[in-house]
Amino acid sequence: MPAYATNMRMKFPIVALALEIITIILFGVFVVYDDGKSHGHEPHSNETHHEVKPMDLYPMFQDVHVMIFIGFGFLMTFLKRYGFSSVGVNLLLAAFGLQWGLLTQGIWHLEDGKIKVSIFKIINADFSTATVLISFGAVLGKTSPVQLLIMTILEITIFSINEHLVATVLEANDVGASMIIHAYGAYFGLAVARVLYRPGLRNGHENDGSVYHSDLFAMIGTVFLWMFWPSFNSAIADPGFTQLTAVINTYLSLAACVLSAYAISSLVEHKGKLDMVHIQNATLAGGVAVGTCADMNIGPFGAMLIGLVAGIISTLGFKYLTPILASNLGIQDTCGVHNLHGMPGILGGGNAAMQAAALASSLGFALVGGAITGLIMKLPFWGQPPDQNCFDDSIYWEVPEEEEEENDESLAHADHSKNKAEV
Amino acid sequence: MPAYATNMRMKFPIVALALEIITIILFGVFVVYDDGKSHGHEPHSNETHHEVKPMDLYPMFQDVHVMIFIGFGFLMTFLKRYGFSSVGVNLLLAAFGLQWGLLTQGIWHLEDGKIKVSIFKIINADFSTATVLISFGAVLGKTSPVQLLIMTILEITIFSINEHLVATVLEANDVGASMIIHAYGAYFGLAVARVLYRPGLRNGHENDGSVYHSDLFAMIGTVFLWMFWPSFNSAIADPGFTQLTAVINTYLSLAACVLSAYAISSLVEHKGKLDMVHIQNATLAGGVAVGTCADMNIGPFGAMLIGLVAGIISTLGFKYLTPILASNLGIQDTCGVHNLHGMPGILGGGNAAMQAAALASSLGFALVGGAITGLIMKLPFWGQPPDQNCFDDSIYWEVPEEEEEENDESLAHADHSKNKAEV
Amino acid sequence: MPAYATNMRMKFPIVALALEIITIILFGVFVVYDDGKSHGHEPHSNETHHEVKPMDLYPMFQDVHVMIFIGFGFLMTFLKRYGFSSVGVNLLLAAFGLQWGLLTQGIWHLEDGKIKVSIFKIINADFSTATVLISFGAVLGKTSPVQLLIMTILEITIFSINEHLVATVLEANDVGASMIIHAYGAYFGLAVARVLYRPGLRNGHENDGSVYHSDLFAMIGTVFLWMFWPSFNSAIADPGFTQLTAVINTYLSLAACVLSAYAISSLVEHKGKLDMVHIQNATLAGGVAVGTCADMNIGPFGAMLIGLVAGIISTLGFKYLTPILASNLGIQDTCGVHNLHGMPGILGGGNAAMQAAALASSLGFALVGGAITGLIMKLPFWGQPPDQNCFDDSIYWEVPEEEEEENDESLAHADHSKNKAEV
């Protein structure tokens, strides 16, 4: 397989260490602790006067942190042989991405030439990694860790430009980031997936599916995302009653979304059964769709209507749109991020009046940025896996022997004296 | 099997969507955001003056939220073939239940004809769903999603009546809800289980047991419940030192309970071995039993004594009482909720003086309400599974193929080109 | 096997109940709730005036609680047949240890002859259990529950003496406890492991390895530890900007550590693949190493450099040092705690000037205390497992039948009518 140099021995360590060392140097030049002396980002609330203390947002930050590392990481473990990569590469990309995001977001808000790190800033850094993790879902199983590190740098850099444009120039409101995170991350990932199209996977792949326990691992991700989504959509809202509104709208939208996702899953599936793919993903669409207007006075029933519609659209997308995207447009969207983040993100952006420019900006940056990123990732020396090794941890990870054997259907002849398979 | 119309294709979507749409309409009429203008529910503390801010209780709320969705959901994944239903139907019932609970609890506390949603109110809504999830444990594996949605409506409605009676009319104290949540939920579920008695399962069922990894999934639920129980018992306590007392009593009661549950498990089991059923459940009985008096000055050692006794009673219940309930009284209690929530709940209610009326009220509503609910659930058109399909996800879920085959003991002849089993 | 009386039937229940009852009596004599009347431990901050409310630290406490019970518990589930013991005995030891730690730590800070329990004190009690759980990792799979309860008492008692010496007499700073928790726990455990050396395991053991899903369970532990480590290192820091500094330093050190751990893992492994042992453990070394100086003004880039170095040292330790310790020094360190807690802990202690005495004290107490504890644990009547039953849950737990059969390679002839294996 001359075109697929998947041995990462030199490539990956050099890229990873070089990126980290460059990042540390940039931190040495630009980044200091927030000393509270100036608060350019401090949120204002007309209703209540708040003395903002340095650690006030910390519990919100930890909820978001759990969504990024447990939520996204375990959500993608549904594949039978790709769990190590899902949760492990998720950790790698997010750990690098949050550092990179601190730099590229902070550069727009220098104070005395420095980026002053606060809880508010690290929440936003976590947010910036969410875009990469969404795109990761679209190309899951078909990309190497080196390719994904490259995607991380480019996607977060472009995200920071778009975010600055939307928030500062267009002055659009997107508290829960339906547009600038979810729609952006989804369409960026779809553009990358389109460029990396693999005709060899048109008829599916043996490992592109779940086993019973891998579906349960994925539910850990789903449920943590579902529970903490109110924190995601309210973390950077104005403190006080505005933040409360964002929490309640998200909580209710997600609750209504569960009912419609379950109902439609049963309606469209074989004998009325529920499909774990829908349950793992479409139940979350209410959180995405209510994001942009989470802190607005849409009324509790308004939030629930948004969630209801999001759950329906998302489930129908998984059932009917994903296969069409793959067969007709050459977009092989492993996790169906178009259904969870793409369409609900547009629905969310469209809910709020006069957000058209912000949405167009986010989609434009996503599609153009994603296409260019995809072309760079397609260069032959990043260790992309050949078709037959897609969706298989053992190409980048040491995998315990037994499982290899189960795959090889030769359990009875296992040599139990060794722990690691030599592949 | 004419009596068992388990095809959910029309039934389930129609019931789920109809319930959600009715709920949204009721929210449109009755529910608004809390604007802080009136605080009928505001807790008072004599020791310290607190300005209650809208988001003060949010971290507590998220702990309770994790208990409801991760805790209860994963605790029930111990069954080898019923994990999708455990965590998935748990999500469905709780997502609907919290909406219904907001309505039925809020109706007693209208302000200007409206239910004003606050963090305090959504904590209580989460609490109301706990009763349903406890009862779900009693009938786990033997009921259809439609039956369980019906149980959710009825159980939460009756819960809200009893809660109002206990708190407002009887003026009983039950901060950690030993009686009104745990004992109520357990005996409601046992009454339902009695009505739904299945003679065909007298000799057990092949799938009514665990496998190694399903027991580990269940421990995720156990440990999250165990850790966050201090939040459950203190979330609605008076702020300040009263709340601290509730936290410390619960923390210590649970710690002592672990030691006695482990000791008794080893004492009663084969060759002194530990039994995962006991460890998964009885270690939590200390949280239930200390609930009612968690915010009282019982002393740290008093809390520990309660935990010690609860761990003993609960473990002995699993070992000796559950089989008797099944064989002599026709109560097939899948998760043994009588041992975790029933007896420790009564123990908790009995700890506090003059709570007899509150306990009697909770048990009365539970037993009568549960029996009537069971009769309604027994009607033949809700899609109840036949005996041989009990404890098996594949009757209501699409299940990955491999597991089906493992069950069929024909792993070697798997057709790997398809991902979903056609059952 | 006359030397191995592993039947726990009387031994374990008696030891566990006796310890708990003695503890409850001591609590009855010594322990009361904190009433806020005196605050010997109250932290001071020069920058901001804070009125410390009783529940202020509660969210931090819950993060630490999750690290202790989910983090440590699931991190050790990587072994294929020892998951029940990992998460179950972790719960047992921590539940007892936190009670014992409250007593042994509190005895140095009596107020009116009483230990006044506050959130601050239960955070420290949780911390004291961390030392035991670290040592547990060194002897995982080779010790009985009774042996481990004895280790818990002795290790926490000695820990409390060393902690008092370091904090009060030497007046050393160790906010994140690199020395007094991590280095102490690791070297204590290594000393115990040395005394309990088993020549029969020189050539490994069939069950001393992972399977695919056990590695995924372990990642639950890893990721929760990784996410909440900023809380561990900042929970008892001075409130305000000092605490913020501790959070940011830990967050950044951990992020940098991930990159170097992944890079070195790929560099030293077969064909550049990643090794789950490194990913599960070495990614956390940045949290350990930055502990001592987490609240100091080392600069964000300083924290990242510490994390970078810690990730490198830790990964290299797993690859090259652990085998040497086992073969040359007779130290069989099951989880490699020397690489995660030992060396990074020393690195952390060494980072801060004039901490030499504190480090020496911690190591001295660890090595001498661990050796004595090991000798006591070696007494023949504590139910230590024979070599062939090491790393196997079924010696102390009832284990579901199927897995036994899989192990026996006789899946096809399973008797599905029984749920528990008789071993």
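In order of appearance the chains are A, B and C, and numbering begins at 1 in each one.
Basically, contacts are C-beta pairs under 8 Å (C-beta built on N, C-alpha and C of every residue); 3 or more make two chains touch, one makes a residue touch a chain.
These numbers come from a predicted model, not from an experiment.
Student: What graph shape do the protein chains here make by touch: line, ring, star, complete or other?
Tutor: complete
Student: Enter the angle, 0 to 180° in steps of 5, of the rotation superposing CA atoms of subunit B on those of subunit C.
Tutor: 120
Student: Taking each chain's centre as the mean position of its Cα atoms, how many Å separate subunit A from subunit C?
Tutor: Distance between chain centres, rounded to whole Å: 32 Å.
Student: Could you list the positions in subunit B whose residues touch two or more of the other chains?
Tutor: In subunit B, residues 59, 213, 220, 411 touch at least two other chains, as defined above.
Student: Which of the residues in subunit C end up touching subunit A in this complex?
Tutor: Touching subunit A from subunit C are residues 47-48, 59-60, 63, 80, 204, 206, 208-216, 219-220, 223-224, 226-228, 231, 239-241, 243-245, 247-248, 251-252, 254-256, 258-260, 262-264, 266-267, 269-276, 279, 283, 297, 299-301, 304-305, 308, 409, 411.
Student: Going by the contact rule at the top, pick out the subunit B residues touching subunit A in the complex.
Tutor: Answer in residue numbers: 7-14, 16-17, 19-21, 23-25, 27-28, 31-36, 53-55, 58-59, 62, 65-66, 69-70, 73-74, 77, 81, 83-84, 87-88, 91-92, 95-96, 98-99, 117-119, 122, 145, 213, 217, 220, 395-403, 411-412, 414, 416-417, 419-420, 422.
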